[in-house]
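Listed below are the structures to be examined.
Heads up, the next two complexes both have chain A, just with different partners, chain B and then chain C.
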Partner chain A sequence: MEIKTDQEAKLGYWLILPTVLAIGGLILYPVIYNLWLSLHKVNMNPTQPNTFIGIKHFIEILTDVDFWTAFRTSILFTSTTVVGTTLLGLGVAILLNRKFPGRSLIRGIILLPYVTPVISAAFGWKYLFNPVFGMFNYIMVDVLSLMPQHINWIESPRYAIFAVIIFNIWRNFPFAFLMILAELQSISGTLYEAAEVDGATGWQKFKHITLPELKFVIGALVILRTIWNFYKFSEIYLLSSSVEVLPVYIYEKAFATYSFGEAAAISAILFVFVFGFILFYVRKVLEW
Partner chain B sequence: MQKKTIVKISLMVVLLLVFTGNTFAQTTFEYWTTQTEENRVEVINQLIDRFEAQQDEYKVELVTVQENDIPTKLAAGMAAGRLPQMIEVGAENILKLGAEGMLDTEAVNDVVSDIGEDDIYDGALKMLASPEGGYFGVPLHGWVQGIWYREDLFEEKGLEAPTTWDNIIKAAKAFHNPEEQKYGIVIGTDKDSYARQTFTQYALSNNARIFDKDGNIIFNSPEMVETLDYYKRLAEFTPPGPNGWRDARDLYLAGRVPMMMYSTYIMDDIGLGATGYEGEQGEMLKNLVDKTNFANTMKHKSDAVFGQIAGFTFIKSEDQKKVEGAKAFAEFVLSGENYIDFLHMAPGGMNAVRPSIANDPKYLDHELLKVWGDKSARIASGLNSIGKFGYVGGKVFPEIGNITSQFIVGQTIMKMTESGWTAEEAAEWGQKEMEDALE
Partner chain C sequence: MVGKDSLRSKIIFVVLLMLVLAFVLIPFVTMISSSFKPNQEQTQLPPKIIPDNPTLEHYQGVLNPDIFPFLNYFKNSLIVAFFSAGIGVVISIFGSYSFARLEYTGRSVIQRGVLMVYMFGGVLLVIPLFQMISKLGLFDTRTSLVITYVVQTLPVSLYMLGNYFRTVPESIEEAAIIDGCSRLEVIFRIVLPLSAPAIVSVFIYAFMIAWNEYLFASVFINSSSLRTLPLGLNQLFYTQHYVWGRMMAASVLTAIPVIILFLSVERFITGGLTFGGVKE
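On to the complex of A and B.
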């Protein structure tokens, strides 16, 4: 009997081996290689060796003003977009969670920004905000006279961050919308009926039934969006090269200044930061 | 008897395989070009077909890369140990590769001497020279930059040609009318190569340099501060926010600016209407060729012409056969009709670096070059007197590649135009960044 279990256990190990190898190769190896890079001065020329320099990169980065500027930009971008996409998604989901003619068509249209390829969306927005020919400037300045002059919303470092935030919220709110709507539809109507019998107002129903029912889906959305947007590169860089969030900062360190070691060290710092955030969030906010 | 036949047959098969095997074992080498436009890629592909039909030893694998992406793509390629054997790119990038010790300079020098140094413009060769003698790249084509301006509007207002600092800013001021979305001038004010290129001409005309003759960085010199200050004042007459080459092109063609800085590549865009080309037109003025003139020399303390030489270069490879193939292809492209076809993919923009071709009637016989008439020869004449930041008193400083790849000049300009810094503050910042870049 005992021999049999031992054999079964062995077989079990053999069966999970491919998965272990795949995960090790695809996840563990890059992480370890990144850590190794961060401790070296990486030589551009592959025929020449890299030099081990210990934690020098980490000290340099943590005392670098540019890093902290990029860090602040990243925090601003992540927090506003996470709140923005979630609230907009929630609002639209609640509005569309009732019966009206053409409902499925509208729901489909709302998903468009999320399924449009990012490059075409970015170019569309660039044109919309073009300082000379753009529709936005035309309406704000020439038609409504709300602003004194045309502004380069996309490229000017002062305004680009707002353009990027609005673009990101516009593009990603449909995901929150989709998740929240799915959850809304699973809330049993009897709960609301019972509340109405007790004389609850619309706000009270929302606060005491809808929100508690949505707690986990919103919690999951916030954490996913935080992770995704903290590492967001494409949507930001394609729209404007003037917004220096951390992923863009890493990219420039690695490929414009060729400091691969330093770039790897920044990634390691980000990893620790995000990991810490997730642990805190899951324990304290989600209470899982 | 049967055994013998089998042996004979097998022997023949083996021999056959050995001989035909040679022809099958073609060597493929990789070639990166910065010509990404579809019609240009088509021309290059035709040249490759012609090359492959002419011999059967080598095959060419073409990869197109955006000019601004070259530093990043090269870095990634170097790190991964997967570089192409042959690149066609601007001088700074070639110098940078040379400084990293990545180039097969022997191969480059072979091609230069096969073509003949006498049949390549000195100005072009100088841009690709190695500090240790010999060359880092084979010159292929060049462009000249300057101010393209609306002669008709200048005459209307009684303004003088924008060849001096005073004339430029006077004209920009006279035309600037942001209420109607008309602006004085477009110059580079973004974090890109275009800003460095337009700024360089002002700096050189004020004798301001990045390196002194010993290779020290002198970006905070009084001459440079003076130039930055002038550039900041001139930028007040530009369209809102940071501007790049696309703004310059689109706004000039649409008649929104009477002056902008651009390379000779604008010639085919401006000439489109005149050649009856019906392709991508958009909002564009009629008869722009006749209304346009080109000021390629900027006069201040000294005369300055800016431009770029692009060339072929070869990366060191384990497989010498591949480098041999790349050399053969480079010589093929630079010769006779192949070369003329290559240059005609951007007529006016790409100028010949070989005098024998520049004066060849076949080269001059192109619709677009004819539209420009005499102007086209005058425009190309600047090619021999190009000045640049990386070259001081006959010396080459390949370190400039580290500064250009980080767009430090453009960032310095943005500090003034977007964040309101003074020229002194910006120059000090640029000085420090450049020193860091060379560490």
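On to the complex of A and C.
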């Protein structure tokens, strides 16, 4: 029997080896290599050697106004989209948590924004946000008169952030919806029946039964969405390249001005910030 | 929550449902409708959903290689997505069987290490990976994209397959081993055939991720002949020759394969999503 366990373990190592090599070589090594790059003046040609300059990049970045502007834009984008996707997902999940004809079809339709390729969805929204003939301006200005005039949502640096936030909420609320709906469906109906016998109102039932049951899934959604949206690049850049969140700032530093070392240092700062947030959130908010 | 089914609450429900559906569907409706509108109708106000004179000219334009290299981009996306998904599935079949059924020291450390990947977004990896890819001489090759995409999809694929493998009754596997099968034979003859739906779903999940990816493609690919769909379409948008109807037709044709694939395995993938969350 002893030999067999040894063999099993050996096979286990062999089977997991490709995964370990792939993740080690293409995730863990690059993360460490990124730190190394951030301490160097990186040659524009990747085959040429780099010069060590210590923490010079970090000092430059932390005293650079543009960095802090991008940082604030990232915070604004992430906080509004995390709240927006979670609340809309929660609302729609509660709405659909009942039996009605065509429910599974509608659930499938609601998932479409999440599975459509970003490039297609971004083009659709660009058209909607068009300053001259876009539906969005038409409805807001000509139909509802909520705004005085048509706005160039995509290209104006001032308004593009709102377009990007709306697009992100549209695209990602279905994920929150799906997770919350699954959790709602697992809450036992007897809890509500007992509450009704005790004369609880709809709001009381929601506050004392539904919300506590959803605490874990909403906590998980908030942390995942925060991490993902802090790193979000394509959904922002493909809709409007004038919204300079940190990932877009890093991308342009690296691949438009070829300041690889500086860009590597900014990504290191971004990672430390996200990691710090995770630690804080897990300890203080989730109390794990 | 089963409320009292009064007429008023029914009406509120239907109105809210319509609002949600309108919000979800408006971009799709716009896209499809504009792809059939002739150019002079594109700028009409108020925007019409059904075109007055529907036309197929934009689809013909998109599919004509002399006007628009759409088919070439489509082919590149297909090759990259197919190979990333295929290689990813093979690696995760072995890896998740190892996690699900075999015992060895360090297993839980490795499992947690795989989950760590969640903490590193693509934007943190793109600079070091670009340097590595260039040093390895893989810059401007499809291979650079395939190896990157395989790793990006591994955590979720391992998770989804591992969960499925654990539902295969261990007694069947033990009986086969007593009958003289080796572990590898058990994997190929028993576990894989029983897990076919899960394997197809994981393949489709990885395919969709690769089909969708823009960041790495924009950095690793230089030649226009190697561009994938997201890259090619986005670059065309910034040339002065773009035509709205044609861009919308291209968007529709880019989305259709993915939506069909997703709908074919919707139940399985959404099950996997709700249990594990999914890496974006």
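Here is the rule we go by: the second predicted complex is superposed on the first by the 252 of 288 C-alpha atoms of A that agree within 3 Å, B and C clash if a C-alpha of one lies under 4 Å from a C-alpha of the other, contacts with A are read in each partner's own complex, and residues count from 1 in each chain.
The rule we apply is simple: contacts are C-beta pairs under 8 Å (C-beta built on N, C-alpha and C of every residue); 3 or more make two chains touch, one makes a residue touch a chain.
None of the values given here were measured: they were computed from a predicted structure.
Of the two partner chains, neither chain B nor chain C is touched by A:G219.
Shared-chain residue A:P113: touches chain C; no touch with chain B.
When the two structures are aligned on the shared chain, A:S242 is found in touch with chain B, with no touch to chain C. Chain A is touched at more residues by one of its partners, and among chain B and chain C that partner is C. In the superposed model, A:P131 lies in contact with chain B only, and not with chain C. Legend: residue contacts after superposition of the two complexes on their common chain; A:I151 is shown touching chain B, with no touch to chain C. By the touch criterion defined above, A:F255 lies against chain B and chain C together after alignment on the C-alpha atoms of chain A.
Put simply, chain A uses residues 42, 46, 132-133, 251, 254-255, 260 to touch chain B in one complex and chain C in the other. Per the touch definition, chain A reaches chain B in the complex via residues 42, 44-46, 131-133, 149-158, 241-242, 251-252, 254-258, 260.
Chain contact summary for the complex, chain B toward chain A: residues 71-72, 75-76, 78-81, 100-102, 178, 181, 190-192, 239-242, 244, 247, 250-251, 256, 402, 405-407, 414, 418-419, 437.
Interface residues of chain A facing chain C in the complex, by the touch rule stated above, are 5, 8-13, 15-16, 18-20, 22-23, 26-31, 33-34, 37, 42, 46-47, 92, 94-98, 100, 106, 108-113, 115-121, 123-128, 132-135, 138, 142, 170, 174-175, 178-179, 182, 189, 192, 202, 205-206, 210, 220, 224, 227-228, 230-234, 237-238, 247, 250-251, 254-255, 260, 263-264, 267, 270-271, 274-275, 278. Here chain C touches chain A in the complex through residues 1-3, 13, 16-17, 20-21, 23-28, 30-31, 34, 42-47, 91-92, 94-95, 97-99, 102-105, 107, 110, 113-114, 117-132, 134-135, 147-148, 150-151, 154, 158, 183-184, 208, 211-215, 218-219, 229-230, 233-234, 237, 244, 247-248, 250-252, 254-255, 258-259, 262-263, 266, 270, 273-274, 277-278, 280, going by the rule given at the top.
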